[in-house]
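Chain IDs A, B, C and D follow the sequence of writing; residue 1 opens each chain.
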Amino acid sequence: MRTIRSLDVEDARILIAGAREKAEEIGVPMCIAITDEAGNLLAFERMTGGKVTSITIAIDKSYTASGAKKATHEYGAASQPGAPAYGIASAIGGRLMVVGGGLPVMDGGDVVGGIGVSSGTPAQDMEVAQAGIDRLMSRA
Amino acid sequence: MRTIRSLDVEDARILIAGAREKAEEIGVPMCIAITDEAGNLLAFERMTGGKVTSITIAIDKSYTASGAKKATHEYGAASQPGAPAYGIASAIGGRLMVVGGGLPVMDGGDVVGGIGVSSGTPAQDMEVAQAGIDRLMSRA
Amino acid sequence: MRTIRSLDVEDARILIAGAREKAEEIGVPMCIAITDEAGNLLAFERMTGGKVTSITIAIDKSYTASGAKKATHEYGAASQPGAPAYGIASAIGGRLMVVGGGLPVMDGGDVVGGIGVSSGTPAQDMEVAQAGIDRLMSRA
Amino acid sequence: MRTIRSLDVEDARILIAGAREKAEEIGVPMCIAITDEAGNLLAFERMTGGKVTSITIAIDKSYTASGAKKATHEYGAASQPGAPAYGIASAIGGRLMVVGGGLPVMDGGDVVGGIGVSSGTPAQDMEVAQAGIDRLMSRA
């Protein structure tokens, strides 16, 4: 038997609030998804103007970040042509996201969940995801 | 050209808050999903204790209710063996939900979105979904 | 943040060993799957003679039992024509199993995972799954 | 009519044991999957700390190696931009894995199954998969 620490829905709301505020600040409406330690969806919001195609992308970025315990943009670098993880982007029916915007949420050295953001550029998505984590960390 | 009226994310939060309060009142933690007029996910929350299997079920109940402009339990009656819609339950890769807990959200005679609830009995899911709608209507 | 207790791979091996021994005793080679608290696969074995079609069925029975915190045969009763959960069998792309052979694994009142068995009759599958749980409980 | 030689579940356990020991030695907890000659899952284990996203990836690496009778990293080379198999990575709904960590298991010149490993770097996954094969060969 093992004991696992994971985000709950209260944490998820704080993550979304922090991300949303940054998205408003930079003027890019986003889809924002939060998954628990196991990669299962905890909470989601699509801001007015967030893209329909970004619903699944945000959820899958968050799934990838929490399930693989790695930021999605790290996979982006590792999966370039010629790099060792080339081709990983289509794994798990395409759920394995290698585009920036998915970040693991850490607590005391453990991955406890993930946040996935989509609708802007990958750099904007990453900035907004990080703002969600910063908000949660400031509350901890 | 046409103009479409639809729920937005602010409405979605009110729907979720009303549903969550009822779920807490009856002591059944739920997955709660809100979709817009087009059936696309607007917002989602899984309360602590909400079932992992209910994530997709709640989203698909809401998708069915807004997309088909019909409560999912109405499909339940219409899809019994021998009834005209028998077999519809497995349509759209299984996304067409015929179990109670998905309700269309109406505004002035138009369907403007849906709410889907899952983790309890179908009767509990329907009660919690209705509480979400009641909350939104009381704000209108 | 929340703390979750879950089966680990050592527990999974004990569950499989207990189930396999019962399957050998009744002379029905089985597919046996173990999932963690979140419904994710921990371990799997297909005995010689276990059915190819039962691979996914065993995994999905275990997923359903741990994710929905309910034995799959309970869904079987609740999803008969005319019953409240009629139609649930095709949910989650057909992963929601309502055929007997999936059991939640409990520990101190909490669901900590699931076991799913397939290749025999539902009654045989249930008996073999229960034998896995009995083995784990006798070690606790 | 033809006769097929294939791994059985006893072989699968030896393959997993050899792989697991190497994974422990290098300190990288892994998902380890074994498929038979036909590409169907025989056995699977997720070590504590093995990634959730790697469940499907390990199974699909093994499926690819036994089904295509080729190591997955060979596809990695052949599917680079400009190479003949470019684009194959998304085939079969993304199940065709081109990332290292899937190896065919040979016996007397025939492919009799596959092993797929995931959670580390592709080089680590390959090393662990090879250790499983080495263990089986040493028993033959």
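Note that in this section a contact is a pair of C-beta atoms (placed from the backbone, for glycine too) under 8 Å apart; a residue touches a chain by one contact, two chains touch by 3 or more.
The model shown is predicted, which means the values in this text are computed figures rather than measured ones.
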For this session: Could you name all chains that are in contact with chain A and with chain D at the same time?
Result: C
Exercise. What whole-Å value do you get for the distance between chain A and chain B if each is reduced to the mean of its CA atoms?
Worked result: 25
Exercise. Using mean CA coordinates as chain centres, what's the chain B-chain D distance in Å?
Worked result: 42
Exercise. Between chain B and chain C, what's the gap in Å when you average each chain's C-alpha atoms?
Worked result: 29
Exercise. Can you list the chain D residues in contact with two or more other chains?
Worked result: 48, 52
Exercise. Mapping chain-to-chain touches, which pattern fits: line, ring, star, complete or other?
Worked result: other
Seminar exercise, completed: Chain-chain contacts, ordered by label, are A-B, A-C, A-D, B-C, C-D
For this session: Would you mind writing out the residues of chain C in touch with chain B in their complex?
Result: 2, 38-39, 63-64, 66-69, 81-82, 84-96
Problem set entry | Complex interface listing, chain B residues touching chain A | 8-9, 12, 38, 40-48, 52, 55
Problem set entry | Sites on chain A touched by chain C in the complex | 1-8, 11, 36-40, 107, 112
Problem set entry | Interfacial residue positions of chain B with respect to chain C in the complex | 48, 51-54, 56-57, 60, 75-76, 79-81, 89-90, 93-94, 97-100, 121-123
